[in-house]
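A single structure is presented below for examination.
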Amino acid sequence: MTTNSRVIEHKRVVEVSSTRKLVVGIVEVLIGLLIYFIFALKTASGALTRFVMTPGGIDQGFMADWILPSKITLTVLAIAALLIGIYQLIRGFGRWTNLMVGICALFLIFGFLVWQAADKQLNLAGMLSSAVLLAVPITLGAFSGILAERSGIVNISIEGMMLMASMVAAIVGSVTKNPWLGLLGGILSSILLALILGVLSIKYKVNQTISGTVINIFSAGLTAFISQKFLQHTPLLNTPKLFPRVPIPGLASIPLIGPILFNQNIFVYLMFVILIVLQLALFETRWGLRLRSVGEHPKAADTLGINVIRTRYMGVILSGLVAGIAGSFFTLGSVGRFDEGMTAGKGFIGLAAMIFGNWMPVGAIGAGMLFGFADAIGSKLSLLGSAIPPQFMAMAPYLITMIVLAGFIGKGQAPAAEGEPYEKE
Amino acid sequence: MSEKKKDLGLEILKEINEGQPKDEQSRKPFLGKAGIPLLAIFTGLVIGALLIAVTSQSVYAAFSESVGKGFSAIFNEVGTAYKALFTSAIGDPVRMVKAVGGDDVREIRQAFNPFLESLVQSTPYIFAGLAVALGFRSGLFNIGVEGQLFIGAACATWVGYTVTGLPAWIHMPLAFLAGALGGALWGFVPGLLKAKTGGHEVINTIMMNWIAFRLTEWLLSGPMTREGSGGMPISPLIQKTAEIPQFFPAPIRFHLGFFIALLVAYLIWWLLFKTTWGLNLRTVGTNPRAARYAGLSTTKSIIVPGSQPQHGARAFLGLRLRQHCPGADRQHPSRRRGACFHSLRHPAQRRNADDGGLLHPN
Amino acid sequence: MTPILELKGITKRFPGVLANDHIDLTLNKGEILALLGENGAGKSTLMNILYGLYQPDEGEILVNGEKVTINSPTDAINQGIGMVHQHFMLIPVFTVTENVMLGNEAVKQAGFLDRKKAADRILEISNHYNLEVNPEYYVRDLPVGVQQRVEIIKLLYREAEILIFDEPTAVLTPQEADELFKIMRSLVEQGKSIIFITHKLREVLEIADRVMVIRRGAMVGETTPAQADKQSLAAMMVGREVTLEVDRTESRPGDLVCAIEALTVVDKFQNVVVDEVSLEVYSGEVVGIAGVQGNGQTELVNTVTGLQKSLSGKITLLGEDVTHFSPRQITELGIAHVPEDRQSDGLVLPFPITENLVLCSYYQAPFAKGVVLQYPVILKNAEKLIEDFDIRTPSALTPVGSLSGGNQQKVIIARELSRPIKFLVASQPTRGLDVGSIEYIHKRIVQKRDEGCGVLLVSPELDEIMELSDRIAVMYRGKIIKVVENKGISKEYIGLLMAGVVPEEPPQPGEAAAVEVTF
């Protein structure tokens, strides 16, 4: 007898499939060509792009402006992307393929900014800072999704939970004049919806997409009703106090990073705290092991004495809690007022971020930042007087979401039992 | 574990097709097939009454006087509201009887107008319900009817006002067709993504909704805006020749569209249950693996219905909106989002009978 | 001595079925008790009651002479009862350590996992019982036999005294099964007690100390391997004399109906799952593909029937190159396919029998005129086939999903065999069926062969392959490593091939395997 735990060695044809290698390579080459022919050629040769590296309204963490010769920068970016693409087509990057795609995408975005801001100035730090802020609901939405799906429940109603929480947070925050109570109210309302989702999909085993959709519709309807009936006539109910910016002493004065990450409001910090707690809890604790086991193979968990039903309820309720924070962000951390449909699909984009991030908190925040950045570019460019209609820029996150879902960038591993009601036979 | 296992459409179909255990049916035979929709309407009315009671100032005022007064105030409020609902949906029975007894033709028409108006209003819901039902049957949860509607409306409108000089019998169907193609295109994308990549159609159709809102917003404030609209997102009026013919003079809007909707409903039922195409589609929708095994084209069947009956819905609504309430699009698109979700509920309540909430298949 | 476990009068009813009817059972310390019965006889129900997954309607359970109530698996674990399930209760994306400690985790403060401590304990158990499992591997990377040992470690980690093995050999090669039997022996030698659930007669005779036979929910007899033989056990199990062998005349191979040349198929992760397979099937013969599940049989069948694309190679059916044909084109050539998974591939469960019976031919005359389906013709067709193939159903319009497994399979067999076919691909045609249905389906397949149809039969049940095939091809890790005439060869020989070992000389029946298998 030799060693027993031998891994089944399957022969593999190629590391990365040939079509994928080809498609990725072509995309990278196209990016290079795009940067050169659309951006670089249309830029006057003497033009300078000025990036401001300190967000407005900040009193610490200054950094000098960044001035680039537009045309040369664009040409360099184009050549770099072309070279990556050509190498990809000829040799392939193997397991670095995804990273290289990401780098090319960054080149594209950066090139786009350089082009748009040629002979003008653009507050890059401000854009990044607002990207972080815009990423908050998406990332928290993704965390919410992770909590539910890791326990085996597909929570498609994050959008509805966020919408409800944003309204309740606005009302409670306005009435009590205390944003903390507003946040609490938002969270509680979202948890209530999560409980409904839990009862429908765990107890009554309703198809989870349908129960989630029901909650979305209910939420959209009720918030619209209350908004029209009360909030629009009674400003007293819809003027919550915003959470202020809280610079973190010391860290906030680091140039560039300080203003972007450490001089934000409580929601940004909450996002990072939840990130760390969730990542550790999921993969290093008994709680996480059990939660994941229920999402992967509930029957196995059950045979080992784990209460599947209770664990799933816990997952869903925590999902509701995080969605509640995400929703409250809109009214208490960003806008300062409730508007109908103000979540604008962010809950669904959060689900896409979750999938993109491979059901991992760390991945989800990366994806969330990407979406936030796409959003920020849209809003900043319309300020810059870009020729591109703002409506088209606003479509970007939705398009990216669809691309992510289609798995063109690569598919992760979803929890195996997600979406399946657990029956004890 | 196979990916198909988590196939949403399949799950829904299973629930719809198998979700009625026999013992449950025997438990409430008096409700029969109509039971669930009736129960849903009843529940809706009860919840509506609760909401009216809770949100009415007069009820609070009455309760502060005495409990009895409070309850009578609730009855008052709810009664008034539902009476209004009834008379504006069906008509005032007293007036109807009187009008029929008299001989003023105009008065008869006007007495029955609320009912006719309801039929007019229900027309787009029939189409939209058909769209969702057909999606269901092919295993897709088409929640993006709203976006398909926006695009279809835009297309139909564009044909409606740019094409001139055609006789009505060509122009109107042409506008219909344009709307159908627009809606079909919008339904095609998530259908294709679902079939080819397995992308979740619920999320994708909602993303397509948002893209449609932004796109129409841009169209109506840019290329398709009405001259002199002062920046309002509103399109030019469509040509007379593109309008759907009405049966009665001006204030009564009852028109041919309602009958077209009935016809399409019947057609779809026939296609689904009497033709090879329908069997193919239902098989794909219920068990895509078996469909593949039996040599059916899964991709084609998933994509085609994704677009099919939206035809009517889109084109029709497109025309209707512009024709009779050109201001409808003046609102921000997100305002109008409710409409399609209503139509979505139809087939679900009616256990997906493929008639958009009209007939039963047997 | 008090028995370690006693069941008294256990009764369990499901709607319409009496799954367990006053069952009494005793298990003594240090013995292997075989619980023998057909699929659906009630063995699993009984064991699920013992394991706390079901609650009995009547009866009591005694452990070490004391009455206990078992309401959940936790209770069972606390009573020292553990179960190796037929479908492993393992989480593929977890490591062995995580799988084993789940529910009984070693933790440091604040609930943080102590993986090291658990892994040490697993190694200790593994060494003690000679199980040779590496705790750091991910379960998805382990071969099935090792996964089963992980299941055993899970029980030992919880210090179970009573071990229930539910059909443990279903997924193993004969050699792996022998390995398992050795482990079971060493477990009882060290004082554990085992209940071994099976429907395989050979295994009962080989390993059990005592045999109890269960039929239609009731205990029908008890015996020992010394007093019984295959015939008597089979008769007890089924309730009548059964012929264990199908009458099979000599095959008369005719034309070449299926030629596979150097076929290579990869899965979506680019693993080679079918590796340069070449195989020929002639009319009038049954070629059986033996092999442990997951060695490429499914993919081979799917490629031949057009459901999956090949990477390279060529398939010729009835003289036509069908390598790039669609399933429908292949069906239209006169090929029938009985799919491996009848419920998800072969049938549309909510649809009535009528529509399921024309699933492959509904678009052709006489079932359709143009695009319009001819329902009266479809109904008549169904009524005839229900008669011909003895499908037990209340009506032709009954949804297939409400039929029993055997009758569902008969619907597929009826649909596929009633067409004029020249080549039949049958993948696990009798999986999970009762003996009566198995006999019937075997007869039909042999009948088709005698009519001159070529048959490609795939089954992980070696008995079935050896019973029906004229030639046997053994598949191992995507390769066909040997094709032999089914004449005078032994099970052990095929078993070795299934494990990937090619012996020099085919050993004769009865002769012990000469080669030591290494895993």
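Labels A, B and C are assigned to the chains in the order they are written; within every chain, residues are numbered from 1.
The rule is short, and it goes like this: a contact is a pair of C-beta atoms (placed from the backbone, for glycine too) under 8 Å apart; a residue touches a chain by one contact, two chains touch by 3 or more.
All values derive from a computational prediction rather than experimental measurement.
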item	value
Excluding chain B, groups that stay connected where the other chains sit	one piece
Most centrally placed chain, judged by C-alpha centres	A
Of A-B and A-C, whichever chain pair has more C-beta contact pairs	A-C
Computed distance of Cα centres, chain C from chain B, in Å	49
Centre distance in Å when chain A and chain B are each reduced to the mean of their C-alpha atoms	32
Between chain A and chain C, centroid-to-centroid distance (C-alpha), Å	45
Interface hub residues of chain A, defined as touching at least two other chains	416
Per-residue overlap in chain B, given as positions that touch at least 2 other chains	none
Interfacial residue positions of chain B with respect to chain A in the complex	1, 5-6, 8, 11-12, 15, 51, 55, 141, 143, 193, 196-200, 202-204, 206-208, 210-211, 214-215, 217-218, 222, 334-335, 337-338, 341, 344-345, 348
Chain A residues touching chain C - in the complex, by the definition given at the top	1-8, 10-15, 17, 284-287, 289-290, 292-293, 296-297, 299-306, 413, 416, 424-425
Contact footprint of chain A on chain C as seen in their complex	48, 51, 53-54, 72-74, 77, 83, 85, 89-94, 98-99, 101-105, 107, 110-113, 131-134, 137, 141-143, 146, 149, 154, 266, 269-273, 275, 311, 477-478, 518-519
In the complex, chain B residues that touch chain C	2, 4, 13-14, 17-18, 274-280, 282-283, 286-287, 289-296
Chain B contact footprint on chain C (complex, rising order)	305-307, 326-331, 337, 339, 341, 344-351, 355, 359-360, 362-363, 368, 371-373, 375, 399, 401
